[in-house]
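Okay, so chain A shows up in both of these, paired with chain B first and chain C after.
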Partner chain A sequence: MSGDPWIWIGAVLTLMIFSFLYKDNPFYKFGEHLFVGVANGYYIVYYWHNALKPNLFEPLSAGQFLYVVPLLLGLLYFTRFIPRISWLVRIPIGFTIGWGAGLSIPAYFQADVLRQLEGTVVTPATFSNTLHGIYAVIILIGVACTLIYFYFSREHKGVLGSASKLGIMFIMIGFGASFGYTVMARVSLLIGRIQFLLGPWLGLID
Partner chain B sequence: MRVLTLLMFLAHCLPVPLSPCLIVSLSPRLPVSPSPGAPAVVSAFDRPNDAGSVIQLRWSLSPDDASIDGYAVLRRARDDTAYTKIGSTMRGVTVFEDEGVQDGVPYEYIVASLRDGAMFHSEPSAPAMSYPQFFHKGRINVLLCIVAFTLLLAYFVVKARTGKDLFIRKIAGLAAVEEAVGRATEMGKPILYVPGLGDIDWTATIASMNILGEVARKIARYDSALIVPNRWSVTYTVSKEVVKEAFVAEGSPDKFKEEYVRYVTEAQFGFAAAINGIMTREKPATNFFIGRFWAESLIMAETGAQTGAFQIAGTDSVLQLPFFVSACDYTLMGEELYAASAYLSREPVLLGSLKAQDYGKLAVLLVLFGISLTSFFGVNLLPVLRVQ
Partner chain C sequence: MKRRLPLAICFIMGLVMIVQFFIPHPTSLAFSSVIYKWIIVLMAFALVLAIGNLIRHHGEKIRRRKEDWPYSIVTLAGMVAMAAIGLTWGIASDSLYQKIFLNVMAPLGGTMFALLAYYMASAAYRAFRARSLEATLLLVSAFIVMIGFMPFGQYLHPRFPAFAEWIMTVPNMASQRGILLGVAFGSIATALKIILGIERSWLGGKD
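Up next, the complex of A and B:
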């Protein structure tokens, strides 16, 4: 069994969180509150050293006064504590949302539309290997039917209804594969934790 | 000077190649080694479609490429007296990108074949300099897509604003929102609305805020309690504004309570642990998980299912959707999340956007089948889709 107090703290906290599998209890509650509190403290220090200090205060103190603009935008968030001018908080919020949308729209067209389309198109070259050709046609049909499932401007009846049903089948097959894959990854996380308990803590395994 | 000339003469006459230190010290006018193995033509040019500071090099392979160790790249700025080695590549490679240059400064390059630590160098390239480009010519197709989509969007928004009825088919998960809020009211329990773990710049979070507004309006109408935990400070601020506005719009600003919207923590699993605690202790009758989610999705949805809550989820995180589908009563999948806010609010801008997306999907289908079919008739339109 380990003599390192940090290993003991890690192991006891792990067991506290695992105790939730039985039911909510004071040990889990303690672990949860500690986690949230420590994380908040950590992120305050993290943002000071990795964002505010190097990206705002140091450039400002070096005389780069253009940084006053982000400083003011950031300060506007605090206006929500002053009811009379709390509406000013909408300025940085609008700026952030606009920036986010503006940045993601071209990236979306590039990565999620054009590149996906390029990968889905079936050409004679696709059939250079017959099996690959068949897979490509299945993918093409799957993409088309899935798109039809997400078409909201018509009721899904008749041909549209059949295509949409086929689309949801493709989606569910994809979800099934994804579910199995992700569960395997999660089980490996659990194995990692159990290895920590049995190895560094209890010393039962190497 | 005599010593220098003698050294250069020896370098040409001796059967051994110039050592790297000689190349550097004999610059600026480097002698061209006649020794076999030197790459022939070196061209240097500004890398196109970038923000500057990069010069691309191309050269033809050494005739003895198979027997050399690789290539060394040397550079000098116009004012430098000597060439400096800036990088190397393996044999068989004919390109190199110099990412450490200053825009507007001309540079010359030589490429040397490396064999047993010795260098057989090429003629210097013509001077090249980097500069930024305002327009990325390799992404014209992306621009055209954005312009076409914006036009569609403008058309449908105007159409919706003129009062035209734009049809949207029924979405099962959304029809259940009314039932979910009503259930919580009848049971006298709160409603938990988790707006995802993405910050406000995630499209799914923005869509979630629209849905939160509509859910909060129903809550204000039914006089139920609400819990909106947040992972990010900005989403916390936005959520609070959205919920407050919804209560004001329903004529019940006094019913809004500050504790409805809470900040929890930025730590992903700390947040998940806190949500589990809220679900088991405050026992909400209905849980909404709408927005962007990662690995914590199943932890939260499974706990919610165990507490017997009615659960509606919505996300565009493809990897998390299977977990929500298995643990929630209704799930809004991907695009349905974006359709949801339009469906619930009937807001012209959102309706127009949804219609534009629908027509966008039709266009995608046409392009997909069009390019596939024409390729079988010998017309290759695939390059139209390529993005650099």
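Up next, the complex of A and C:
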């Protein structure tokens, strides 16, 4: 058994969370509330050291007074607590939302539209390896049929109906695969925790 | 004024960021970098607001002695302690802050997500029924991927893991790509609606 107090803390907290498998109990609630508190404390420190200090206070103390602008914009968030001028909170929100929306249009177009279409298009070069060529054709059919399934401007009848039915089959295979993959990721986390309890804590395995 | 000014700021910022993307000049890149730093600062201020709300919520719970109020003390004490430790002694790799992260936060977070393995499996057992062709496809593909990614899979059949990999890279890829394209078009349309002031729900309130 480990003599390291940190290992003991980790093991006891792990068991506290696992106790929820029996039923909701005070040990689980303690672990859950501690997690929320510590995670918030973690992000306070993280944002101080990685956001506010290098991007606001250091430039300001170096005489870059342009950074007064984000300081003032940031302070406007707190006008939310003063009913008479609470509408001013919309200014930093509008600034951030406008920035995000503007940035996302070309970013989505480049990464999620052009790149994905580029990967889907079948050219004669795709058939340099026959098997890969066949797979590429299956992917092309799958992408087209999936998109047709989500096309609601026309009734799904005839060719559109058949393509839509094929699309839902691809979607179901995709959902099943994603589900299986997610379960396996969670199972690997579970194995990790069990390994921690049996290894570093109890010393039963190497 | 109360609505027009924020809408104008949103429109200008959106337009500037779109135009900036197509001008790879050093001045344009420097401008983008400065704005990005400002946004990081604004997000930090938003976090301060969120922390304030958390303190208010749990403080109120403790003050009124509501149900489970002692756990609110645990939340607030954990937050204050972690913040004080990180702000006082720093965040170096051998600091107390990192030790707490590794031995308190990581085990708690990891175990919570590990619990989901059990709940997902039990929910799947109750919900997954091969009632139609589509449901059967979902069930079979989930089963093949789960078994294929386990060492046990290759004992069932040596080509099982390769088949699971094929499902992930061909039919799964096709459907995910289709969905991704749909999401991208939807997101672009929503972003345009926000910039042009058609979508205004973010303004909240009436006046």
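As a convention for this text, the second predicted complex is superposed on the first by the 203 of 206 C-alpha atoms of A that agree within 3 Å, B and C clash if a C-alpha of one lies under 4 Å from a C-alpha of the other, contacts with A are read in each partner's own complex, and residues count from 1 in each chain.
Here, a contact is a pair of C-beta atoms (placed from the backbone, for glycine too) under 8 Å apart; a residue touches a chain by one contact, two chains touch by 3 or more.
Just so we're clear, the structure is a prediction, and the values are computed from it rather than from any experiment.
Contact with both chain B and chain C is seen for A:101 once the two complexes are overlaid on the shared chain. Taking chain B and chain C in turn and counting the residues of chain A each one touches, the greater count comes from C. In the superposition on chain A, A:17 makes contact with both chain B and chain C. When the two complexes are overlaid on their common chain A, residue A:36 makes contact with chain B and with chain C alike.
With both structures placed on the common chain, the touch criterion links A:156 to chain B but leaves chain C unconnected. In the overlay built on the shared chain, the residue A:167 is in contact with chain C alone; chain B does not reach it. Judged by the touch definition given at the top, the superposed model places A:201 against neither chain B nor chain C. In the overlay built on the shared chain, the residue A:122 is in contact with chain B alone; chain C does not reach it. When the two complexes are laid over each other on chain A, chain A has residues 17, 20, 29, 31-32, 35-36, 38-40, 42-43, 77, 80, 90, 93, 96-97, 99-101, 103-106, 108-109, 113, 117, 120, 140, 143-144, 147, 150, 171, 174-176, 178-179, 182, 186 in contact with both chain B and chain C. Listing the residues of chain A that touch chain C in their complex gives 6-7, 9-11, 13-14, 17-18, 20-21, 29-49, 51-52, 55-56, 59, 66-67, 69-71, 73-75, 77-78, 80, 87, 90-109, 112-113, 116-117, 119-120, 135, 138-147, 149-150, 167-184, 186-187, 189-190, 192-193, 196.
Remark: chain C residues 2-3, 5-7, 9-18, 20-22, 34-35, 37-49, 51, 54, 68, 71-72, 74-83, 85-87, 90-91, 97, 99-118, 120-121, 124, 133-135, 137-146, 149-150, 167-185, 187-188, 190-192, 194-195, 202-205, 207 touch chain A in the complex.
Listing the residues of chain A that touch chain B in their complex gives 17, 20, 23-24, 28-29, 31-32, 35-36, 38-40, 42-43, 77, 80, 89-90, 93, 96-97, 99-101, 103-106, 108-110, 113-115, 117-118, 120-124, 140, 143-144, 147-148, 150-156, 171, 174-176, 178-179, 182, 186. On the chain B side of its complex with chain A, the touching residues are 139, 141-142, 145-146, 149, 166-169, 171, 200-203, 206, 233-234, 237-238, 240-241, 264-267, 269-271, 273-274, 276-277, 280-281, 295, 298, 318-319, 321-323, 325-326, 333-336, 339, 354-355, 358, 361-362, 364-365, 367-369, 371-372, 375-376, 380, 382, 385-387.
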